[in-house]
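Here come two complexes built around chain A, the first alongside chain B, the second alongside chain C.
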Partner chain A sequence: MFAELNELLDASPQRPERGKFTLLRDTRTDGSFLVHHFLSFYLRAGCKVCFVALLQSFSHYNIVAQKLGISLTAAKERGQLVFLEGLKSCLDLLFAEEEEQSGHPSPLQFISESTSNLKALFDFVRTSLTPADSDSWKGPVLLVDDLSVLLSLGAAPVAVLDFIHYCRVVVCSQLKGNIVVLVHSNEDSEDEENELVVNSLCHHSDLILWVEGLATGFCKDVHGQIKIIRRVSLELTAEQDLVQIYQYKIQDKNVTFFARGLSAAVL
Partner chain B sequence: MLEALVAGGAEGLVLVRDSAACEGRSLLRAFVSAAVQRAERVLVVLFEVPREQFEAGLSPSVKQRLLYRDGFTDPLAWMGPDPDLRAGDFGELLAGGLPPGGPLTLVLDSLSWLLLRLPPPHLCQALGALLGGPPNSARPPRLLALLHGDLHPPALLRALGALASTQLTLGGAPPATPGAPRLASVLSRPRRGGVSQKDESFTLLPDGSLCSLGVPPPAPEEGSPPPAAPTLGSSGDSGGRVPPLTFRLRLSAAERAARAAVTPPYQLSPPRRSTLLQTPGTIVCTPEPPEDEDPEDPDDDLDV
Partner chain C sequence: MAAVPAAGGVARGRGVTSFQRKAAAGSRLAAVAGTRPSVRHGQLLLSSGLPSLDCVLGGGVAVGTLLLIEEDKYGLYSNLLYKYFLAEGVVCGHDLFVASAKEHPDNILKELPAPLLDDTHRNELGEEATAVKSEDFQDSMKIAWRYQNLPKMEASPTTSTKFGHYYDVSKTMSPELFQSIKCHSFYLPEELSLQAKMKTCNMNSAYTRLLESIHRIIYQEGFDGSDPQKKQKNILRIGIQSLGSMLWGDDICSSDTPEDVHSLTKFLYVLRGLLRKSLSACIITVPAHLIQNKAIMERVTNLSDTVVGLESFIGSERETNPLYKDYHGLVHVHQIPRLNSLICDVSDTKDLAFRLKRKLFTIETVLIEGSNTKDVFHFNLAKEQMNIALLSN
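Entry: the complex of A and B
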């Protein structure tokens, strides 16, 4: 959890918002530091988190989380974190013997079937986040890293949008929880399916964090630019969206944000 | 023109085209509020947002008079066998499932959601049958549909535009200050024939109603050429874009008159000229001091 980003977003783990959809979008750079931020933020806030991790292994996320002061292993053991390791699930689905598979369908079973329906993945999310009587967590949170991988695995863009639609219905609308989704976006890539998913998600995101690499190329002291778009217009009729732009530098255990052109290395 | 459309002047299919940067749901709400105030029945068909989000900003008196069909909660029947409205049932709703009674305004939020999931030809056919069929009690005089223009190919947008009697395209970058005017391009096809297109600016009041500000002022946007700038390349290829210039090549009439009023410094009036010629002048000549000559040979270091 990065304190400076919390200040920019006016967020605090003591009072997490409810029912919000946050889109993390990266262009020409890696926005995974935002995933680590929100994972540690919501675990620290006492929320029940379902983490659909399609990009990295559990140990990778755990090592980064430990640097941020959170143990994912402990969170899993106490039932606060439900971790879907996409890399492992894909291997199990494709290479495991049939008798070794349990009775429950794999969340990623669309890979091995002809239909690209993501209903099994949605059922996994719904089952994970539906609160039990004994639960005392603050609110459910779905975290996806990253959604573009589903397209690479063969899911149709509309199937991905259907999955997100049902997650919005259950997590945001019914359970009053939050969704945080990372997508890659590169307007020059001519990947129309990915751009359709990204544009569609932008339409119903309450908050968009768009990180971009610098147009001038790699820089040692400025790692990129972040655009924070608060979709105020979705809630208040006469209001306009608020847009803030900062630059950032990723350090070992922290990320610093500063106004454009005001890097400490420049001043 | 925009206020007249909101006040009931729009009939048939009215498309509100928006983009991710410039949302159009608030304009849809302005239409809904105006329809309720005209004592029309309004049926809102939701696929993209829940009812709470659609109602945000509407007054309580408007909210309680809206009719709803919920296609948002379970449009694909993933959560139960009997959802309120499935995506596939939308055609049947148009064909005969509308509530009978007086004038009805049908609001669809959003048409894009359906276009991504249903075959567009079937959907256009259902819309065309609804709008072009014989008038009966169940036929809505007005179908308001929200369309996200950045999610569909241009050909599909053109096909839908041919079905629509009015298209409102929200454009331009969203204003930085709250309450600042927004821009809409209104393309209407009245029944008597012809097409009219007009750009209008408007603002939305806190109660959700629309206030038209008329034709936007022709102030040039930053980075674009002003209206008086020459249209380079426009004589040969009419579709060519003019590259943005940071200067103007032509003068306005006022500027040209101001320039003509200024006497150039080399043009002397006759009295001034005669005065200069008749005044005896003196020529002062001050020779320059002799130059310091460098005694060193400039080619000394060449070893020649």
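Entry: the complex of A and C
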């Protein structure tokens, strides 16, 4: 959790917002630091978190979370965190012996089927976030590290959008929780499927954090710029979206944000 | 009276500082030959077989990750990197897994470059290096001052011999070195006749077989680390040549709108899972210049860890450009993984080129010298100023 980003977003783990859909979008750079931020933010806030981690292994997320002062292993044991390790469940699905398979379908079932149907993944999210009577967590949170991986694994863009829509209905509307999703986007890449997903998600998001690499290329002291877009227009008032732009530098355990051109190295 | 035990407590407190070396963990990690733990993220690193490339990649290739090489136009230099990676495995005593659809793996192994281990070789190369140095000295007045403080890439074989070796491309490795090495080979034409057991998952059958074969070796030879091995732990080095080319039965290289867009990315995803779970590292060369569909390369990059592109000057107008007269091509580091941390080790210089000397293949920072030094220098200065101006807007 980066304190400076909380200030910019006017958020605090003491009073997390409810029912919001946040889109993290990265272009020509890696926006995974935002995923780590929101993971530790919601765990601190005492929310029940379902983390669909498709890109990295559990130990990676755990070690980074430890640097930010959170233990994922402990959160898992408390039952606060449900962690889906995509890389592992993919191996289990592909190399499992036929007879070993239980009746419970794998969340990534769609990889081995010809129809790209993300229902199993949605069912996984729903069952893990539906509150039981005993637990006392605040609103549920769904976190997806890299929705683009689903496209690489052969899911159709429409199936991915359907999946997100179902999740919004259940998590945001019914359970009054939050969704945070990371996508890659690069206009130059000519990846039409991905652009379709990104553009339609942008229209539905309450908050977009768009991280971009610098147009001028690599710089040691400025790692990129972040565009914070608050979708005021979604609330059907006649107002424009609020856009703020900052630059950032990632450090070992923290990220600093500053106005454009005001990096410590330039001043 | 109370002060005495308190003082004792302080003394004891001083004796037990928090700055203790984790001796147990350190020795366990260092136990595998040819590896060293990374300073940044504690992950075990392997040498890519080319110390100057290790330098650029933040110390080496981490165990459990994938190094993707985008082939140069004729595949000459990417093939060298591929062989260096395997040769380093032979010298360090790692197990090898060689997969190819073109050359027979046995032939690839026969053509690995010979390591420069003897003192005689070192002397020979030392002379070469000093010759180069004296040349450098004469030229030193010409080199623009902005290059003076640049860190030197390790380009001469004088440092550590345990991690990262130098190879003589003019000689092939002697067969004695192979005797203690376990080599597993995968030659696609031979494997296609066998029956696949794995679920196909709408994946190209060649890829399915390759995955099955890697999976079998990782679990049979105990690289997964699930059952505690009695014997010495070892690393599996996996090398896959020209993945995605026509010979693997993939059409992404031959068509703008391939029928089978997802096979390669699915393969890479499963491979990533296998690597992360085991003591192994993988090098893959991909004929990226043949892949017309940019979206595929974007996804492939996203699913790989380290991505390095080679661009040779053969047949390009840069071959005769005086700027590049000392080099044979450019190196583009497209991606460096963020492992166990928020940041990654990016080298400060992005202008990298490679050159193939009589015996050595090295990667160096591009130094611009010669007649048009002034122009280029001014151009660079203007570029930097522009960067700063744009940053401050």
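FYI, the second predicted complex is superposed on the first by the 266 of 267 C-alpha atoms of A that agree within 3 Å, B and C clash if a C-alpha of one lies under 4 Å from a C-alpha of the other, contacts with A are read in each partner's own complex, and residues count from 1 in each chain.
In the analysis below, contacts are C-beta pairs under 8 Å (C-beta built on N, C-alpha and C of every residue); 3 or more make two chains touch, one makes a residue touch a chain.
Small disclaimer: the values here were computed from a predicted structure and weren't measured.
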| item | value |
| --- | --- |
| Partners on chain A (chain B, chain C) - clash or fit | fit |
| Arrangement angle, chain B at one end, chain C at the other, chain A at the vertex (C-alpha, nearest 10°) | 110 |
| Touched partner set for A:F124, first chain B, second chain C, both or neither | neither |
| Partner chain(s) touched by A:D162 [first = chain B, second = chain C, both, neither] | first |
| Touched partner set for A:V255, first chain B, second chain C, both or neither | second |
| Of chain C and chain B, partner touching more chain A residues | C |
| First (chain B), second (chain C), both or neither touched by A:Y246 | neither |
| Partner chain(s) touched by A:V149 [first = chain B, second = chain C, both, neither] | second |
| Least C-alpha distance (whole Å) that remains between chain C and chain B when both complexes are overlaid | 16 |
| Set intersection of chain A contacts, chain C complex versus chain B complex | none |
| Of all residues in chain B, those that touch chain A in their complex | 20-21, 23, 25-26, 29, 48-50, 52-53, 56-57, 72-76, 78-79, 116-117, 148, 150-151, 174-180, 203-206, 208 |
| Touching residues on chain A, where the partner in the complex is chain B | 119, 122, 158, 161-162, 165-166, 169-170, 173, 196, 199-200, 202-204, 231, 233-241, 243 |
| Touch list for chain C against partner chain A, complex | 41, 198-199, 201-202, 211, 215, 262, 265-266, 269-270, 272-274, 276-277, 293-295, 298-299, 302-303, 338-343, 346, 348, 350, 386-388, 390-393 |
| Residues of chain A touching chain C in the complex | 30, 32-33, 36, 57, 59-60, 63-64, 67, 87-88, 90-91, 93-95, 111-112, 114, 146, 148-149, 151-154, 184, 186, 188-194, 214-220, 222, 247, 250-253, 255, 260-263, 266 |
